[in-house]
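Every chain is named by a letter (A, B, C and D) in the order it is written, and numbering of its residues begins at 1.
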Amino acid sequence: MTVNVGVIGAGMIGADHIRRLSTVVTGARVTAVTDIDADRAAVVAAGAGARALDTGQEVIGAADVDAVLVTSWGPAHAESVLGAIAAGKPVFCEKPLATTAEDCLRIIDAETAHGRRLVQVGFMRRYDAGYRAMKEVIDSGEIGDPLMVHCVHRNPAVPERYHSEMATHDTAVHEIDTVRWLLDDEIVSAQVLTPRRTRHRFEHLQDPQIMLFETAGGARVDVEVFVNCQYGYDIQCEAVGETGTVRLPDPSGPVVRTAGRQGSAVLQDWKDRFAAAYDVEIQEWVDAVAADTAAGPSSWDGYAAAVICDANVEALHTGRIVATGLKDRPDFYA
Amino acid sequence: MTVNVGVIGAGMIGADHIRRLSTVVTGARVTAVTDIDADRAAVVAAGAGARALDTGQEVIGAADVDAVLVTSWGPAHAESVLGAIAAGKPVFCEKPLATTAEDCLRIIDAETAHGRRLVQVGFMRRYDAGYRAMKEVIDSGEIGDPLMVHCVHRNPAVPERYHSEMATHDTAVHEIDTVRWLLDDEIVSAQVLTPRRTRHRFEHLQDPQIMLFETAGGARVDVEVFVNCQYGYDIQCEAVGETGTVRLPDPSGPVVRTAGRQGSAVLQDWKDRFAAAYDVEIQEWVDAVAADTAAGPSSWDGYAAAVICDANVEALHTGRIVATGLKDRPDFYA
Amino acid sequence: MTVNVGVIGAGMIGADHIRRLSTVVTGARVTAVTDIDADRAAVVAAGAGARALDTGQEVIGAADVDAVLVTSWGPAHAESVLGAIAAGKPVFCEKPLATTAEDCLRIIDAETAHGRRLVQVGFMRRYDAGYRAMKEVIDSGEIGDPLMVHCVHRNPAVPERYHSEMATHDTAVHEIDTVRWLLDDEIVSAQVLTPRRTRHRFEHLQDPQIMLFETAGGARVDVEVFVNCQYGYDIQCEAVGETGTVRLPDPSGPVVRTAGRQGSAVLQDWKDRFAAAYDVEIQEWVDAVAADTAAGPSSWDGYAAAVICDANVEALHTGRIVATGLKDRPDFYA
Amino acid sequence: MTVNVGVIGAGMIGADHIRRLSTVVTGARVTAVTDIDADRAAVVAAGAGARALDTGQEVIGAADVDAVLVTSWGPAHAESVLGAIAAGKPVFCEKPLATTAEDCLRIIDAETAHGRRLVQVGFMRRYDAGYRAMKEVIDSGEIGDPLMVHCVHRNPAVPERYHSEMATHDTAVHEIDTVRWLLDDEIVSAQVLTPRRTRHRFEHLQDPQIMLFETAGGARVDVEVFVNCQYGYDIQCEAVGETGTVRLPDPSGPVVRTAGRQGSAVLQDWKDRFAAAYDVEIQEWVDAVAADTAAGPSSWDGYAAAVICDANVEALHTGRIVATGLKDRPDFYA
């Protein structure tokens, strides 16, 4: 069976997922595309052999759409996801699930009322081979119960529109989800340290930031976010357990020895770092849809990320330790 | 356009390529399958939604077969490849192209007479990301002109049917092709050193072997083949140029520190090591067929591998340095 | 010229320094030894061909003592150091310089009044080849101005007498000094996070701890202290600058591939990790004494460590961010 | 007890050992120095507080010389070593022990007639921490019985006076001794491959060379010698056993990430690579002399190196596999 996918939002990430569904993933095809820019929708749809439709609601309702992929801008996510749930159709929503915790809860309520999971949220790191191998080590008990996780998230540079809160919402949100998943634990408080700002970027931007999280189980997580580090895209993660440690592998490349140095290239583009993870993510989503099941990051994970990010931004602005105040997880998402 | 592929040979590697064409590669589908075991052909064909046919010739001639994939046993390769050329259909042939240099030359003659390339030979390492990055470094001139290549090919263990000549034909053949491609140079002589045999395997088997090749350009290549090394599947390659060196990256995995040791797993299965390379190889073949072009390892490369392997086996048995006696490469394959 | 050294305190570290002065360092000999355990002093002195004396004051005053090495227990340090200054003799004092900030200030006052530096404090990491190479990179400007330092200090296990404050005074004190030296910057505040305690050790002990420091220049430093990590002695340090990063090298050992794993040993004993640094430290002290100069960690560094440690312990007990309240550094120590 | 050392040969290496004996090693002092350049001997002797003597024979015979260190040029070694044996004094001789196998045998005969070992030959790699750790792994049985050793010896550049035979006598001689020691096995044949010469150096020089050795036990050893590799001083060694491998650790330095690259420095000077090994070597020699014993590389090792080097040079010139024709090792050197 081929899964017919309707796509809401044909921007950069939307177009990339359409390419992925058309030429990388098997078992799916894109049948309908919409975008607030109708011309763009038309071009992208044509490239994929799909129809361009005027609205997300038309996409969701189309008879030849089995499942919906939401890649519009963040504030529009909730409406599309709620629409898909109302139509009983599986929906993949790029992060964030919604831009407010309230909207996330509305989605949770709708999905719970529907009676089975329909929503997968686009936290692609859970599909990265390195993180998966790291989680296997943790789950095996080889390093004992985790007590600490040290994370680093560095980008070579960000554009001027990037502001200090995006260090949480756009950047650290990946570590927030990944750590919750790695530890199978919940984040209960947040604190943000603000080192001296790099002079290589904008005055308005607090960069770097050091984020400190505590989990319900008492583990401590630190996340360095440094989005203008100049030298490359660099993701690091080390979990420290009661009897050992495990470290996320760096991408491997050929080591060159020349002119008194030995070394290798550092990636520059995050898309290169997680390209394979995106492929696996969408393939597993399509497979789950075809199998009439659901897997991967859930609405609950989308809600948790939203609440933790809100607390973290408050921590950034106040300098205080802020409780995340997450609700209890419903059994539905256990 | 979807490329309709007919498969000749539904054994382990054939079935794997059929799965790849059906569920990994885009732009292709398997329409016809044959095998000397008709029952097996029927089962495999059914699983892929294809027809089972009685003979390779029927597959080649089928109207719904645009391109042919040959994964029968080696001695049968030449007939199928020649048949595909006669039918003017693109053909992917797993290594070896043929089991004798004479048959390889017959294929070359037929393809040349046809007037354009139709044949791609299954040397998948050229599609491995690490080797490709290594070749980019060499081609960039960063390490200067290559003078030496050091290769290691280790398997944890081989079955009893594996004999000393297979160290060349089944194992080192990959290094032979890869080094020719990395250096863009031809191998002109071979010598084989025979270390004391490991006691962990069969008396009939000379394992390990050290193979020494010289290229037309004067570079020297050494290949350690050790197929019962016990500890894992381990492929190493270092090119040494006039001003620097480049080394094939090891597969990366999470590093664990526990109980006084730090380390990571070594792969056990060659299929894990080159799984992604196989995917890329078949995708690029399908893409080339769809684009009405040809790329990748050619009949000439298949012929060269055959001739070099023959010389190497003679070197093993005689203890002498054996000239490969390769013909000059026709312009057709330049 | 041979420097005649008198040693006050013949315990484990004292005896080790006596061995070092006698058999590793050149240009020095031990002439006098004292210890509160007179028998021990006699045995150790005899082994080094030195005299055993009854008191530290006698050692300091002895005509055949050019310089004094203080390796008694911490609370006795200040008296010996002050005595040496009063006698105008160079003195090497193992950490801590004194157990209170007040005593450190008394030493600073005495040394300043004397008019030239006499005191070197035993922070041996400044003599480790890896740290020195790291400092060279930072000082070269290659990574730009440092913004963050991430440190890890792990021991396999500690004895029961080790308590939570010792994580600062005995363990993190090394990172505190090293980071001040690496950054050429001062620590102005401290905060301590307390992860869930490992169950592999004593109930009375908060282990691990995460210590957070801010420098006058706005850099942020985090130090993970985990003294019962089970797997080994592991010291890590990464400095992150405005344009790059530099990481302390791990000790190197042979990499073994066997039984599906590749890896190397992790050190178990801190003495192995910094043995060479101790040798260099004492050699450079002896050389400075012989050259009538002073170098290395000063009384000011000893004072700063004491004040920062006090603030850190208060931070541990209160959970608050505690200002270190360091005085301004006198020009004498610039 | 202090060992009084007389030094024959005050050139670069001699002066370095004199510095080492005077300021690094404990338990020794230099009392007498000679050199064919009397002025140089005078200057160096004065710097060490020693006497300058006119001849090596005077040094050997001096009452205040307990042990002799021979660092003259190679052709003069045998006479000094024989003189020391005749005087019954321990002698450390830099490599080569002698420039002909015949002279080595004369030394062996003299030492054997004397009845106990007096001679240590300066193969310093046996004292390198990395090689020692590697030998420990091999001796532990962790990798099984060794079957192959892969060695690399690269220098950034050599001066014009360096000729093709020196690749054996001055360069590979270190690998020859090291491998014999690592494997506790004897080299019985040699072959030399000659890759295309690098254009970065002199026409008269065959560089690189690949040397192939076979041991009595059937192990195979390959040594790449490339003394104008441009990029640095790089020593590699991997032993491959029946169940695993062990690799010599690279020198470790801080890893820097900047400008899209991660990497570390490659050493340029062989003296930096083995400085610590030289210190340990001379210290252990002094300790052995003081303890009236002998250890380390023996006259037999010096003889074996000479014979193997001769065979290797013949192999270079003839292109043939040359048997080393080593005599049987006397029990005296077992």
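FYI, a residue touches a chain if its C-beta (ideal position, glycine included) is under 8 Å from a C-beta of that chain, and two chains touch if they have at least 3 such contacts.
To keep track of the chains, here are their UniProt names: A, B, C, D = Inositol 2-dehydrogenase.
Being a predicted model, the structure only gives us computed values, none of them experimental.
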List every chain that touches both chain C (Inositol 2-dehydrogenase) and chain D (Inositol 2-dehydrogenase). A, B
Let me check something: if the centre of a chain is the mean of its CA atoms, which chain is farthest from chain A (Inositol 2-dehydrogenase)? D
Quick check: more C-beta contact pairs in B-C or B-D? B-D
Distance between the CA centroids of chain B (Inositol 2-dehydrogenase) and chain C (Inositol 2-dehydrogenase) (whole Å) is 58
Report, in whole Å, the distance between the mean C-alpha point of chain A (Inositol 2-dehydrogenase) and the mean C-alpha point of chain B (Inositol 2-dehydrogenase). 38
Would you mind pulling out the distance in Å between where the CA atoms of chain B (Inositol 2-dehydrogenase) average out and where those of chain D (Inositol 2-dehydrogenase) do? 44
Can you pull out the residues of chain D (Inositol 2-dehydrogenase) that are in contact with at least two other chains? 230-231, 243-245, 257-259, 264
The answer for chain B (Inositol 2-dehydrogenase) against chain C (Inositol 2-dehydrogenase) in the complex is residues 230-232, 234, 257-266, 268
Seen from chain D (Inositol 2-dehydrogenase), its contact residues with chain C (Inositol 2-dehydrogenase) in the complex are 22-24, 26-27, 130, 133-134, 137, 142-143, 243-259, 264
Touch list for chain A (Inositol 2-dehydrogenase) against partner chain C (Inositol 2-dehydrogenase), complex: 144-145, 147-148, 150, 193, 195-196, 198-200, 208, 210, 212, 214, 217-220, 222, 224, 226, 229-231, 240, 242-245
